[in-house]
Amino acid sequence: MSRRLASPVTIVSLIAVLCGALVGHAADPIPIGVSVAQTGPVALAGQEQVLGAQIAEEYFNKRGGVNGRPFKLIFQDAGSDEATAINAYQNQINVAKVVAIIGPSLSQQMFAAGPFAVRAKLPVLGISTTAKGIPQVGEFVSRVSAPVAIVAPNAIKAAMDINKNIKRVVVLYAQNDAFSKSETETFQQAVKDLHLELVTVQTFQTTDTDFTAQVTNTLNAKPDLVIISGLQVDGANLVKQLRELAYKGLIVGGNGLNTTNIIPICKALCDGILVAQAYSPEYKSKINDDFKGIYKDRQKKDPPQFSAQAFTGVQVFVEALGALDKKSPIAKMDLAALRVELNKQLIAGTYDTPLGEISFKASPGGEIVQKQSYVAQIKMDPGGTSGKWVYVK
Amino acid sequence: MPAFLAAYDFLLVSMVLAAVLALSLYLPLMAGQLSLASPGFYALGGYIAAIISTKVFPPAAGLYPVPLVLLEMAVAAVASGVLGVIVGVPALRLRGIFLALATIAFVEILRVISLNLDVTGGAIGIFGVPQPFASQIHYMSLAIPLLVLCMLFAARLERSRTGRALVALREDELAADAMGVNPTRYKVLAFTVGAMIAGVVGALSAHFINTWNSRQGTFDTGVSLMAFVLIGGSRTFVGPVVGGLVLTALPEALRGIADVGGLPGWLAQFLRDGRLIIFGVMIALGTVFFPHGLITPALLERLGRGRRHRVEAA
Amino acid sequence: MSSSLLLQQVLNGLAIGSVYAIFALGYTLIFSILRIINFTHGAIFTLGAYATYALTGARFGFNGLLANAALPLHLPFVLALIGGALFAAVSGVIVERLAFRPLRTRGSDPLLTLVSSLGVAVALVNVIQYLFGAEAYSYPADPFGQLPSAMNFGTSTEPVLVRTVQVIIFGVSMVVLALLTVLMNATRTGKALRAVAEDTVTASLLGINTDRLILLTFVISGFLGGVSGTLIGLSVGIAGPYFGIAFGLKGLAVIVLGGLGDIPGAVVGGLLIGLAESFVPAQYIAYREAVPFALLFVVLLLRPQGLLGRAVVQKV
Amino acid sequence: MSAGATPAPLLALDDLSIHYGRVQALEHVSLDVRAGEVVTLIGANGAGKSTTLRSISRIVPIHRGRIAFDGRDISGVRPSDAVRMGIAQVPEGRRMLARQSVLDNLLLGAYTRSDSAGIQADVERQFVRFPRLAERRRQLAGTLSGGEQQMLAIARALMSRPRLLLLDEPSLGLAPLIVRGIFDIIRELHAAGVTILLVEQNASLALQIADRAYVLEAGRLTISGHAAELLTDERVRRAYLG
């Protein structure tokens, strides 16, 4: 937004804020935008994110919101494409006048919409945008979704602990997915660093349903370990088909497989997948127990990573707003100043979230620093209908 | 008004760009050729601009120079034109649905190539495309002239000998051939100009949406363009322009309506979550109630005549 | 290449191809009659898969209007499959009434029918999401009883494995092909359908109620779409509302390769594309996705009537 | 309406107007055909002759006027019902179902009937009438010669046991010898009592076999009368027989 346009907007919002202050402003909920994919092919992720965010909204408001003042989430569908994400952002920034935005769901969408937040100077938080380059979009763009650099090698090491004779590795990834593409680069580097032999790299598409060609190529390469970077549905189908066609070795799944949603697809065949996790439902902490409890109560299963990250996104903003309010009361700030200060506070803070303790790097601003990372193995019940993650390390 | 512009600057420019892109599909359709190749050239143009502006000219502080954007647009036009001829000459021997399918294949092949090349950044694409303007609305200074130029071109074309030849081809290729219209030449011409327009729009769009990747300019885009042209009206260049403007705005308008206060909660909720259901139904209904599109030459004639002689119109 | 690998790749190709083929059959049937591409086929295919899921009495997921709801009945899988296919057939009828017939009776530009079918497809996909959410669903395990997950077509030392569900899909698509061939060539209705396909006006002049036969085509196509949606869902789960849409684009390549509107051609086209995909060398797998479209492009330029097809009258 | 105190006509067109878009194809056309008659409609190319037949078969919409068949208004029925009521058409250009066999073309001609024994008998009857078709019964209709296709088109139309046969330009594109054969058949059908409305560009041929005739010019009926009279009518001679 240009200065010329911004200034009238600022004046208008300033007046609005002042008027609001006169009529019991403190009770007005603080608007926080949530723009994730509620329509289009990415909606699977988006719907889980909405659930997580909604739980956070209730949970934190029940605990007094922002120092006694409630906040409310404004949902604007960011769709599954770049243009819709930008339109949602513009709506959040200029119409709903939110203090901060959570989302969009895809890294590519953040590359498109992020600069709009940078120009409007309001903090936005990626909750599932893991491609490299997200915090570099600019000041005001942060994320709570860890790029896989640390977790991925750990998963391979865990596999090597289980099977000491691993030498030959096949890597498969969804080539049309930015997250998988970023993740596989990390995995492939880790394979080389660990002096394993990368015998073949096979690609697929997230929209694929048949993987027999890739499975045949994989089996021909006689691997000891298979590493898969994909999203939940394609990833789980690939696992299923690998197992059905008699692959017996270990499987390491990327972060895309870190969801209970894969269980209905690969059922008993999910057993034994090692998953590099940015979130684990097994992580023990007060906040995660609370979150997991509410989620399980509603959905009768463990929360998936997308929901946990969305919850975390809301939590981070709420706590940052609270901390900021204690330094200088936010009710007295105009919207523009509040947004800028909130961003500073956001990056300065440390948060105890369901993902574990997180904070942000100062450079590049907004990159997540996540204390915990997990490698877990899926243990399926004998019936093959339910299963759980068991920590490996 | 400034508040409106701030909220909808992106949408307004998108609408104009969609209208231009719709014209790129309309031109071959003037000659009766349903080509869905435009998204491919659009994608190509976007990659050209994104690569030039992020890799050839290293990013510098401040705004990206507008002349360089114009240069990228020119490069995109030339590249799309050349590719247009290469693809067009063999493909335009096909007619009807076969041409549509061949061009869909062309777009898919380009998509897979862009997923595999290093220079295009695979699925992640190219990001951080520099901005030539401080505000999105300033993109209008390029988008509007582009639209006007394309409309003028289309308007002139419709009245020219070439335009009549194209229409003759649409009505009856054999007859047109017999009349001395060289079908291949005119079809390739219309196709190539359409390709160049799409490439130019792509180049501008890469800056406009800050990033470019293999999800831009796919089959889905082609489908939208086809809806723009046919719902808008495929017998005059005004049709695609109106179609592009209206249909781009429609989903966002539905979002806006949902935000208007006073609606019952369930209705607002449905408008928000079911936006695309309504959009789809409206497209289907549009074809039923406007079988020749929203804008037809007859309508334009009536509007024009109505202003002059009401009596004659009767 | 070893003979067992060759056999493996051939079988893989046939297995993938039969999925394409069974999807494409309903697609090409509509084309053969109306000379237009019915973009709603992917959505109807998806609807069929969801309907079967509902009829088994399974519970819906955590999103959408019907979250956690379930039908109060528990049909055995085969009955649910038939019920799901019937549901898809009824959906086909509704689609024909809403998106196709009004345009036909107004004599509008056939291109417009493409657009209206696209509009309906967008609406249907989003209705599905609105009702059932975007998550993946999968059918209960072992719907056909205890079958091994794969069958061995090789020796015990050099196994050549094919997933059982793909063998089933292959079998079903062959049976469907045979039934359709008999229907089209040996029955009065089939001959009338072919007459409508060849020349609607002449068919009318012979006393054939073309509207009714077109409707029947949508019934058959919808039924086939429903069956194939369920079968493919059995193989890979229902991957959300866009499940069928992903097949739609590749389905186009399939039906062109076989000759647009040609019923055996759709099966041959599907199998050929499956084979072509399975023979992509491992190191070029990244370009596999382009193979059907490269084939489509080349076939169109060299033989627009398809590999099996005869020259067709081009409408659109 | 026109001549005769004879009983109600089998077919009556009353003030029929049809337009395609803005182009007026027929204006205020009224004509009738009585049972057992051969009536011919002659006129130049584009005068609206085929449109008249197509409107009777109900494949073009009517904008004004009405069509009565056997005393019933059929303006609103669908084409398949018109066939069911007894109106069969041999369309211009013959319009074979080129990809089906001769036999299947015939069987489809009987689509509105369900008496399989009767249909079988009628197929044999057509093969007696057109021995050439009997020889080629398994052949695809598209492979027949022009004359054979015309025979098949007529035979196919007769398969519905029509009470009114509409013939659209049966001589079109055929060699004179074959045309003569086709007209012999029309004469035979007339003798057998089939009611025929014949559209023909070859006016002299048509007038020779018809009982009555109408002349259509630019969508309007201009002259009508007994065929024999029209053969000698100066205006007709100059315009159509010259």
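The first chain written gets the first letter, and so on, giving A, B, C and D; residue counts start at 1 in each chain.
Basically, a contact is a pair of C-beta atoms (placed from the backbone, for glycine too) under 8 Å apart; a residue touches a chain by one contact, two chains touch by 3 or more.
Only a predicted model underlies this, so the values are computations on that prediction, with no experimental measurement involved.
Enquirer: Which chain has its C-alpha centroid at the greatest distance from the C-alpha centroid of chain A?
Expert: D
Enquirer: Indicate, using Cα centroids, the chain positioned nearest the centre of all protein chains shown.
Expert: Per-chain C-alpha centroids compared to the overall one single out C.
Enquirer: Return the distance between the CA-based centres of chain A and chain D, expressed in whole Å.
Expert: Result: the chain centres lie 74 Å from each other.
Enquirer: When the centre of a chain is set as the mean of its C-alpha atoms, what distance in Å lies between chain A and chain C?
Expert: 35
Enquirer: Measuring centre to centre with CA averages, how many angstrom lie between chain C and chain D?
Expert: Whole-Å distance between the two chain centres: 43.
Enquirer: CA centre of chain B versus CA centre of chain C: separation in Å?
Expert: That gives a centre separation of 31 Å.
Enquirer: Where in chain B do residues touch two or more other chains at once?
Expert: 115-116, 273, 276 - these are the residues of chain B that touch more than one other chain.
Enquirer: Among the residues of chain A, which ones contact at least 2 other chains?
Expert: Residues 39, 175 of chain A touch two or more partner chains.
Enquirer: May I ask you to sort the chain touch graph into line, ring, star, complete or other?
Expert: Per interface graph, the chains form some other shape.
Enquirer: What are all the chain pairs that meet the touch criterion?
Expert: Applying the touch criterion to every chain pair yields A-B, A-C, B-C, C-D.
Enquirer: Enumerate the contact residues on chain C facing chain A in the complex.
Expert: Those in contact with chain A are residues 5, 8-9, 12, 15-16, 19, 62-63, 126, 129, 133-138, 141, 149-150, 159, 161-163, 166, 232, 235-237, 239-242, 246, 277-278, 280, 282-283, 285-286, 288-289.
Enquirer: Could you pull out which chain B residues touch chain C in their complex?
Expert: Answer in residue numbers: 34, 90-91, 93-98, 101-102, 104-106, 108-109, 112-113, 115-116, 219, 223, 226-227, 230-231, 234, 273-274, 276-288, 291-292.
Enquirer: Tell me, which parts of chain B touch chain A in their complex?
Expert: Those residues of chain B that touch chain A are 2-3, 5-11, 14, 115-116, 122-125, 127-128, 131, 134-138, 209-211, 213-216, 251-252, 255, 259, 272-273, 275-276.
Enquirer: Hey, which residues of chain D end up touching chain C in the complex?
Expert: 57, 59, 78-80, 83-84, 88-89, 91, 95-100, 104, 107-109, 111-112, 156, 160
Enquirer: Name, in rising order, each residue of chain C that touches chain D in their complex.
Expert: 188, 191-192, 194-195, 198-199, 201-211, 310
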